[in-house]
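Read through the structures below before going on.
Two complexes come next, and they have one chain in common, chain A, joined by chain B in the first and chain C in the second.
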Partner chain A sequence: MESLKLKKITALWVITILVLFLAAIVLGILMRLNQAEVINQEPLTFYTNMTTHGLTMIGIWFVAGMAAVNYLLQRYVKTSYTANLFAFILTVLGVVLLWLCTYLGKFNTGWTFLYPLPFKDLGAAPWATPLFLVALTILGLGWLVWSVSMMAKILQRYTLAQAFAWQHLSKQPKSETPPFILITMITLVGVIAALIAAVIVIVLFFAEYFSKGSFVNDALLMKNLIYFFGHTIANEMLYLGVAVIYEIFGELSGRPKWKTTWYVSLAWNSALIFILTAFFHHLYMDFVQPEGLQIIGQLASYLASLPSVAVTVFSIIVAIYGVRIQWSITNCLFFLGVIGWVIGGLGAVIDATISNNIVLHNTLWVPAHFHTYNAMGNVLFSLGFFYWFTTQHVSKLVISKLTKFALIVLIISGIGFLMAFYIGGADSIPRRYSTYPEALTTGPALARMGAYFACLYLLVILMFFYNIAKRCFAILSAPSSSVGA
Partner chain B sequence: MLRHFICTLFFSWSLIVFGYGAPANLDEEQNIYAQIYNAPIKLSPTQAQVSLADIYNRKPMLLAFVFTRCTGVCSPFLLQLNETLRQISGKYLYQVVVLSFDPRDDVEAMQSLSTRLHLEKSTQWIFATTDSITALNLSLGFDPIWDSSTNQFDHEALLVGVNTQGYITKKLLGIRGDLELRQMLASINNAYIPSYRLPADNDLFSCFTYDPTTGKNIPNLGLLIIALPALVSFLLLVCIAFFSRNKAAKWTE
Partner chain C sequence: MKQDSILLFFCLLAITATIVFVWVFRSSIKAEERTPGIKNALQKRFWFLLILVVVFGIFASVTLPKSPYFAFAEEVPAKVIHVAALQFSFFLSEKSIDPKSPSGDNIELPLNKVVEFRVTSLDVNHGFAIYNPQMRIVTQTQAMPGYINRLRYKFTKPGIYHVLCLEYCGVGHPVMQTTFIVK
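Let's turn to the complex of A and B:
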């Protein structure tokens, strides 16, 4: 059974994530209102909001997936509580420093901090860039230790081949690897690679910062490394959520637990290889990038996403088709999340196709697709887990009328918020503009539409927050004997 | 033939005098993508004033700044511009507006300048004056300084590229070669112009080294570093697997 300490630290993660999520949504709404010309913020304020929003969102939904996976991993191996706590402390510290950087230091490069922006005078305090790098180092250290520790625990029980479910590629596998272990392993390798890329980037930034001009970085190298980190981590965090679905969707729906088959093993192993090279699609506009890498970028984008999406959707269809399953708030959120993941994934694949990217590059199509698989995908995976984690019992997850209504509002608000981005993207409206020039007539109107739907989305999240947080506080304050029962 | 020869000679001389190949001036980066001031301009003594927008809205514009009493760069600048444009003009649309920044110049003086350059009949070249030079200069970051000892302006040869929406897409200071002019023509026609900083000695991990003799990019250390995160994580995975199994084996013994 999951230990009390693990339950408490997971509850702490959940509350922290949700509080930061609410704050980051408010920042998102402020940005949309500014683009809509409903409010009038200085460009510097817009870009500090944008940077804080992006960094916070990526950070929290990554650790949400990690905390969920760590919690469920306990069913198979004994994970390290110390590594979990260490990651929590460093995450809180890192986030506080990041917010200091952006709000006191006015650091405003966007969450991708593309070189050489952190060294340019964009109105930030001189200490903001080094502090930002320190904050990243702290976050990276905490997450690297946590990931390596989980990986080591899995590899103490499973051989390398078993952990990657290679035996399932043969006709009669001698042992069975649960899909949860397979996907977790695949994801952890990607997470570690992304974090190592971040380490190299931080070292290179610091080297230039302290060299006082005797060393400068190569912009192409830095862009490659930053997207190796940024793109990979943003995708791996989705896979963490998918691992959770593979583990509990079946049992929540009163159906058999999902099993690893040859095609599940093949799809996820190919995701491992291809996810590490898909980031090249961020460099299509960089003409100095070798053409071969651009082609790899396009192929890897297809091969990393399509097989894993296909097997997951297939597994869900098999689980729900033609049978009466028990719908709870958790598997409803999982189901909606998978739809968001698929639609956002398609949007991403469209953008990752070189001939389309020429038109869609850096338009609102980009936030359109990544908000689809985040705000209406990964977030729902994690919220589903949070509900399940705080109740631990299917009977307590039944959907009340109010919850049903909230889910409908969530769908409508999500679609409205995202459509404003998609239509803007299709209309070639650029992303990351604090206000739109007059020529982009549809920009402000779409931004207004996006902002109003986002407010509705926020209301639903507030309701979820209330439900989940009160149970988390109960877990945190409960005496040892009553927790984990 | 003779005219070509004289032009070429003049060009070679002016390159030496005015420093062809000098590194791009930082000022060239300023005011890019800003809107040019829509100054009223006068083209002939008989016609009414028109605005710059009337010109650039019709066709992308190269705007050259000179003054007729100039004893320095102005004439070689215009001659060379004419010569280079003649050689490179291809698929791109453009017109050249030669504008005086000297308030003492009038339209007649500009017309005689065009005659001196044999451009009076060209439909692509327009010679003009303006009474709003200060505002125009300000929108371009151009700052000619009057030197009363020489009775001349201390100024650089400035060529500004403006697209049909009035945005400054590129600025060139000094007499420049055909490559840069080609880029300027592309930019005023809203074409994409790739550029990449050349690796310097303090750039240890560049992805490529540019070889000026062959014009090719040779892969460099930076490209290897891109593969490093994947390599290190796989190595780490193998090491963890090895040590974890050892540990697990010890526990089960």
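Let's turn to the complex of A and C:
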């Protein structure tokens, strides 16, 4: 019963992700409350919370996308259960080690662990940095095996050209590549590239660690590598969510399935290049970086949004406009998520403009826009998938009055939580400050506003958690015979 | 301030996007039971792509020349200030700074003249962000170990300017700051 096994492991992923999500939201609220001076934590506590929050959130929403894509891939190819399970075990192990690093070892470099900060006095235990690198290695290994295995399975069924939908570039394509396969393929290439960069970063860190001073890294090179990894993985996880939408939005709405056309193929293929070069926008304020790369950074950041905005968003709009579709909780979450994604993308494009970045870089504008397309974008894509996955039937997804109310609260909480960040960014409030200097007068008040709205957000997520986890446990405890169908 | 127009611009864009989405959503709710809709949602949207490329092209060609790398590039700075960042303080000096025993001076900068900051770090990455007397960022660069970033700026308003660290550098990050005077 291959598909039952897949179903169970996916349910396991879902529960693990949601539990970690709730914990990480609480950490986020604590951070905001501390910045608001409502509570009073040691800076070290704040920064271990911040590091844990960032790493956990990135990790879980990445694997959420991977697990969803893996589950849906079974419609086209037979995927490896072993690779999936392997990734699950290594992810859990890696996350446990990360939490040990931050909470026992007081590791607090922020999730981007910029070189050489992990080697300097952090107020952390001496073993924290090597253990952190080991934890990253474990996560990287699990994810690399998983993504390579998925890609290999796709390439067993489709030729390389088909997997990238190149035949659609000709007038009369002989075969058809489903958009889901195309986007998954493009995304996996990016994921694998990011993970390889992570491996290089880890090796360079270890080399310096073990050389005891005879080998010293270059700070600019390390920054480029770290952001190539960090930006790319954070970006690709959104596309994993998007692939899911392409696959199930149509059928959920009682509409025909989306099909690849020549410019869908073109847009996503070119996106691959733009996504891999957009990370340069993290180095705009490093004036020693060659100017050519800075300009590539701005152009690539703009162009990377084209396949997503122009193709995905517009497709969703025309799929819905003037058409009576079945609105279930899943496609409502998808639809809301797309709005969050677009608005976060607008904030990102503004910040990716070098002449704006000079006043926005590392202010609260940064968490503002990435929380928009994560907390109100990608998270909703994944939650939508979780609902669909745990019921597998549209008729069970109809929206109750309570759910409608919850969605409205979700929107309000999102706007409040995010506006506090955006206004803070425009007010030049720096990101990553445990408390604000007195001169930054609006900082604490905005933080309080953010914290309270985030509590509302937490409540809604708790309700979703209850609904989804209940069904996940049913899947996990079901005997092999009854869930198979 | 530039930041206010950025926020306003963003809000306008976000509201426009929201209106479009709400309008689309309502049209779906109100639609007749049996409208066929289109067969493939991914069809014939090429012109939309093209318009976006053009819009982005215009946006890029307007904003790129305003990038800080090109600011005052042709001018000779009236004053050069050396900056060394170190967990968790800044040293500013008119003379170059000895990395072994860094020390700084009180800095006074001229009004309406180009000043160049040569910014580096003696330990980890830091930020060097200049806040005007109203506590808004006017310009910034990074302080990176092993590199010197040259930041040019012309101050047009007198007063006390703050420098804040804008790159996370350890637990003392939020208290890492200094000031200088422009008159």
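The definition used in the following text is that the second predicted complex is superposed on the first by the 482 of 485 C-alpha atoms of A that agree within 3 Å, B and C clash if a C-alpha of one lies under 4 Å from a C-alpha of the other, contacts with A are read in each partner's own complex, and residues count from 1 in each chain.
Convention: contacts are C-beta pairs under 8 Å (C-beta built on N, C-alpha and C of every residue); 3 or more make two chains touch, one makes a residue touch a chain.
Predicted, not measured: the structure shown is a model, and the values here were computed from it.
Considered on the superposed chain A, chain B and chain C are sterically incompatible, since they clash. Shared-chain residue A:256: touches chain C; no touch with chain B.
Looking at the shared chain after the overlay, A:287 reaches both chain B and chain C. Once the two complexes are overlaid on the shared chain, A:474 sits clear of chain B and of chain C alike. Using the contact criterion defined above for the overlaid structures, shared-chain residue A:398 touches neither chain B nor chain C, since it reaches no partner. Set against each other, chain B and chain C differ in how many residues of chain A they touch, and the higher count belongs to C. In the superposition on chain A, contact of A:213 is made with chain B only, not with chain C.
When both complexes are overlaid on chain A, the residue A:203 reaches neither chain B nor chain C. In the superposition on chain A, A:148 makes contact with chain B only, not with chain C.
By the touch criterion stated above, A:221 is placed in contact with chain B alone, chain C being left untouched. Only one of the stretches 6-14, 24-32, 60-68 or 78-86 in chain C has C-alpha atoms clashing with chain B after the fit on chain A, and that stretch is 78-86.
Overlap of the chain B and chain C interfaces on chain A comprises residues 218-220, 287-288. If you check the complex, the residues on chain C that touch chain A are 2-4, 6-7, 9-10, 13-14, 17-18, 20-21, 24-25, 27-29, 31-35, 37-46, 48-49, 52-53, 56, 59-60, 63-64, 66-69, 87, 123-125, 127, 129, 131, 135-142, 144-151, 162, 164-175, 177. By the touch rule above, chain B contacts chain A in their complex via residues 194, 196-197, 199-200, 202-208, 217, 219, 222-223, 225-226, 228-230, 232-234, 236-238, 240-241, 243-245, 247-248. The touching residues of chain A, when paired with chain C in their complex, are 43-44, 47, 108-110, 112, 114, 116-117, 120-123, 179, 218-220, 223, 250, 255-256, 258-261, 263-264, 267, 285-288, 291, 294-295, 298-299, 302-303, 306, 309-311, 314-325, 327, 335, 338-339, 342-343, 346-347, 350, 353-356, 358-363, 422-423, 425-428, 430, 432-437, 439-441. Residues of chain A touching chain B in their complex: 148, 151-153, 155-157, 159-160, 163, 189, 192-194, 196-197, 200, 204, 211, 213-221, 224-225, 228-229, 276, 287-288, 290.
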